[in-house]
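You will see subunit A twice below: alongside subunit B first, and alongside subunit C after that.
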Partner chain A sequence: MTDTTLDRRFDARAWMTDKFFLGMPLGAYLRSLLTPGNALVALILVPGIPAVIYRFVYGIGAVSNLTQANPWGIWIGLDVMSGVALAAGGFTLASAVYIFGLKEYHPVVRPAVLTGFLGYLFVVIGLTADLGRPWKLPVPMVYSYGTGSVMFEVGWCVALYLMVLALEFSPAAFEWLGLKKAREWAIRLTLGLTILGLCLSTLHQSSLGALFLMMPHRVHPLWYSGFVPVFFFVSAIAAGLTMVIVESALSHRAFVSRVDPHSHEKLDTLTLGLARAAAIVLFAYFFLKLQGLVDGGRFDLLNTPYGYWFLFEVLGFILAPSLLFGVAVRRSNATLARWVAGWTVLGIVVNRLNLSVIAFNWNAPERYVPSFLEILISATIITIGVMTFRWIVNRMPVLRDDPAYPQAH
Partner chain B sequence: MGHDLITIYWLKGLEYVLAVSYLPLFVLFWKFVTPTRLAEAPVTVAAPSWADDLAGYFQLPARLFFHPGHAWARVDGPDMVTVGMNDFAQHLVGRIDRLQLPRVGAEVVQGMPALAVESAHRAVDMLSPVSGTVVDVNTAAVGDPATVKQSPYGEGWLFRVKSPQLAANLKSLMNGVFARRWMDAVTDQLAGEFSREELGHVYADGGTPVDGLARSLAHDEWDAMARRYFLTDGGSNA
Partner chain C sequence: MELSRRTFFKFAGAAGAAGLAGRPAAAEASAHAPVNTPSVLVDTTRCVGCRGCEAACAEANHLPGPEKPGEETVFESRRKTDVHTYTVVNRATGAKTPEPRFVNTQCMHCLDPACASACLAKALEKTPAGPVVYHPERCLGCRYCMVACQFDVPKFEFEKAAPYIQKCSFCAERQAQGLDPACASVCPTGALTFGRRADLLEEARTRIYQNPGKYVRHVYGETEAGGTNWLYITDVPFEQLGFRTDLGPTSPPELTRTALAAVPLVLTLWPPLLMGLYTFAKRREEASKSGAKEAHHD
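Up next, the complex of A and B:
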């Protein structure tokens, strides 16, 4: 409660209307939800939520095609592996602004941190759908550490980083709630949280890749390399940068009323700056992938269907976007940069799916194909994530400053 | 693949070649993704910044050069410039009904009228910030002049000029801190006009400038006021 409202009687109904119903009476707010976009959301969630409940009641075998031979499916490949990589914008942008002093990128930090926070939150939810028995989640956190497991490191890192992201985003929530003192304290923590976030992200982004070092016999030799942890970390930086480009472009279209009217010009400049950084990171990533290929020495496999797919990934999703980002920057073409960023995001998802699903167990007699319910549950989790992002952006100062806190972010 | 000595040496050699060739290629790629910086232009007085700066309410992107007649110029190459009207100009004129731009191939001269903006059946000339040959015209902006208002420094650009005397031309333009000081002076003058009109709570008092400033202040004489600011009235500078 702000100082100015202390002398007034707290009107809970007005507060709810203001904070939750966008200043509209409940009836008008509910009517405002009747849009074609929300109809599409309902189409996914109406069967999707019962499917999630069904999975927790009857177990993973009842809804998925996962087996002992193929224990990883799209929940791991898409929701966890891709989700963690695409949520890397939070640490990438926060480090650029608060540690490396690139202050001009300040306007995109808060949306990037929110994307990161929700990305990780829904990674945990996706992982819970895969693991089951959510009441067991505190076990590795409290009394059975299992320090010999890479998963222990990943689990702890993700849990800690989720807390760091929540704290990094908390100033926006405090501004929304009018809690000035709490906001001041949260702002003071920014630099420390950013450094912690950078350390934790470096650890778990690479550790996810390190998981594959334990099973070289399961991963196709073209994708398997001793450099996989490095590939994961470097590609996560590219994923974070390109995801911020895509997210900011979509946000400026979808949340026109929430965006500073003068920010469109600025966004083009920021987009080209991010595109330049992504071009350089992808260029380095391309050479690392070549080094991994040479290190493996399996050139003979390039002339096979898996080899063609590998070459398509390396040339089409890494080298081509790197060069196209360069062209976009040279021509000051922010639109091209946005399309290339979308293509790169797709490429990162393809890479994670290649490692964990497509080129995983590549020579096993039994092949994994996701079931309809797996796809539906995955779509449900992603849809709820997007809805949560929309709910927060429509209420909290994410895409523009709160008038009460000018230059807050 | 067997691990005999020749195979190992061949693969290791390839790794070293790859690593060593990466370094010069990276330098070349770095240059490729780093557009010609304005700081390297012979007449630039302030280091450019990716960040746009605001001079008061009106946007003044730091990487652009401004003519006192409220046209801007962006250096796109050694002799290539993109031209547009600045944020102040589009706020001053308000709704733009029609844009009259030079045709491709036409010669424009720095400080001479090169385009006209038409609103409410009155046209106001604007000066070209550079000299040279027009090589491209933004037909999208001509078809929909609202583009200029929505994005005066982006999609609302007006025409491109091949300017052989670019370095000399840029010496007459302002950027960076000089452009901000100039815009401060322009807005001070505008604030004075507001005060004379006794409009109540306006920009000078902390209010927000309205769109179509000239019409708000000078009513039927708005075009004369716009010409004064655009330096096309033949009188004193504004």
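Up next, the complex of A and C:
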């Protein structure tokens, strides 16, 4: 990377080429975008972006299957509930490295923090599609505090944590822009930000579960429990760990040119370490779920269709991956760990959807099934999120150190 | 519609100012559920299904008139309140009484309402005067109130690009002027009695005791969901009237109180604990480094 700041004359064109077009002339850069992956992106965004515009012009009813009886759907269950859980890698890894001193995981902190930051950013963007009056978001932030509301706590924590994540990621952006002073300041904040991030994450990850505490009349008794906030927090840690395994595996395939060539074998070791942690967390989560089942005392409901689905979640998505992670660690099989991680991520999405959509309003006569446009709008937001991740990774020092800052972050 | 909204704003402003002035009193009122606020007792044995309350409600709230006015066919399916309908009268299904039984449904005006506790912007509020009112200018449209309400009362304008929640306000504006709620003021048979909650509870029990075998021995709303300002007595099982009978006596906000209590705990305990762990991890690292150096020297 040429250090343009050393030049007396600032060459805007060279700077643009270097920073934005990956060092290529504009024409070559645009041609480089014609890939099969981008064709898929276009396939989603070409109908997706008009669908988002349509939703804001004609209202939620015009695009969704949401009704008076089912006011919450996949925009809450997938975009918000699952999105926040899957973005937990940022606080999990930052805490492991900067607080608990597990320095060997340093190479995966930056991608985890970036995943967290973009995860939360797109949760908030997705939320604006779900909110009837998103321009009123400043109301609870500025002058009308609903302090008795769990949603108030979630809103504040998410807003603050989004800022924390932006600051945690800022050193990478400053390195990219060559702003050494700003980077030094941002690095100094690391420990404080990590502690604040862990506090805020403890609160809002669990509070997303606490939203359901007030709804024993809606959530199926097998999923309803006073322990839901604890389930959400513990499973968020599992989601964070397994998302880092999945995300690093995908990144090492997709961004070969951006990855430190020596890091492939190292990544296997890190993957197995994360798998070991995930095995323990998932086993604890499994035991907590058992405790919830005993506490609820509704064993009679296990022998019903919802009961089978509950058992499938607890055994198939929690106990099984916990044991399989153990097998992967014993056999040093990183590939197995990666597949199990993917399965666990899916399981946590299923859990969030169970609480907010599938086992929600389970006894109501009217069932909710998302409309095509609801799914398309969710897919559009997720796609733009993934593209933003790719855009940043291709430009900023995320997957490997910037040569100008050796062993920096 | 426009007129009603403007006057509503005026009321909302007045309620807000009152809330500011009497904050400690208001806080106390919601913590120890106000017991003697204005309430309505519904005696379904007196209701003839004339739907005069529906018409009065529509008029008072500047809503389009009731569906199929004066037509018996309206009772063929169980209707729900909607963004344009704050109260509906339904016919009991499977009632074995000689005359059909009817019941009206609207906001129950809970003593400690789930919707108000769910709202992150205080757009829904239990006023010290009793009614649960909506401040549209604060609403984000998150619809947590709708899922939190056990009675499925708040309704959302899904068809609008700038939607609001709509629900019965217990005619808070009329009550502030010393008038009865529109529905109760027109009821020709005395099925709806407007009064103070403690008095109405006494009245309800008196009717049950003085007519042995007539009524179901339960006042719906006395304890349901922590108690409501709308109370019901009837001579048919409450299920047949469409009531949920699985609601316990716990007020819904009570269920989240422990979770909210964790906030100050986490914010005060986590940072010192984590700083301690950080120091511990750092020392261990330094010790292992100097240990390695010594080993090297030997």
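The criterion applied here is as follows: the second predicted complex is superposed on the first by the 402 of 409 C-alpha atoms of A that agree within 3 Å, B and C clash if a C-alpha of one lies under 4 Å from a C-alpha of the other, contacts with A are read in each partner's own complex, and residues count from 1 in each chain.
The definition used in the following text is that contacts are C-beta pairs under 8 Å (C-beta built on N, C-alpha and C of every residue); 3 or more make two chains touch, one makes a residue touch a chain.
The shown structure was predicted, so the numbers you read here are calculated from the model rather than taken from an experiment.
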item: Subunit C versus subunit B on the shared subunit A, clash or fit after superposition; value: fit
item: Which of subunit B and subunit C A:R367 touches, first, second, both or neither; value: neither
item: A:R188 touches, of subunit B and subunit C: first, second, both or neither?; value: neither
item: First, second, both or neither for A:I60, with subunit B first and subunit C second; value: second
item: Touched partner set for A:H217, first subunit B, second subunit C, both or neither; value: second
item: For subunit A as apex, the angle formed with subunit B and subunit C - C-alpha centres, to the nearest 10 degrees; value: 150
item: Touch count on subunit A, higher of subunit B and subunit C; value: C
item: Touched partner set for A:A284, first subunit B, second subunit C, both or neither; value: first
item: Contacts of A:M151 with subunit B and subunit C, given as first, second, both or neither; value: second
item: Distance in angstrom between the closest Cα atoms of subunit C and subunit B, superposition on A; value: 8
item: Set of subunit A residues, in rising order, touched by both subunit B and subunit C; value: 103
item: Complex contact set, residues of subunit A against subunit C; value: 56-62, 64, 66-69, 71-72, 95, 98-101, 103, 130-134, 136-137, 139-140, 144-146, 148-155, 191, 195, 198-199, 202-203, 206-207, 210-211, 213-218, 226, 229, 360
item: Residue ranges of subunit A in contact with subunit B within the complex; value: 103-104, 262, 264-266, 268-270, 273, 276, 279-280, 283-284, 287, 290-291, 294-295, 297-298, 300, 322, 325-326, 329-330, 332
item: Subunit A partner contacts - residues on subunit B that touch it in the complex; value: 1, 7, 11, 14-15, 18-19, 22, 25-26, 29-30, 32-35, 49-52, 54, 59, 61, 63, 76, 150-151, 153-154
item: In the complex with subunit A, residue positions of subunit C that touch it; value: 80, 82, 114, 116-123, 138-144, 146-148, 150, 152, 155-164, 244, 246-247, 252-253, 255-256, 258-260, 262-263, 266-267, 270-271, 274-275, 277-278, 281-282, 284-285
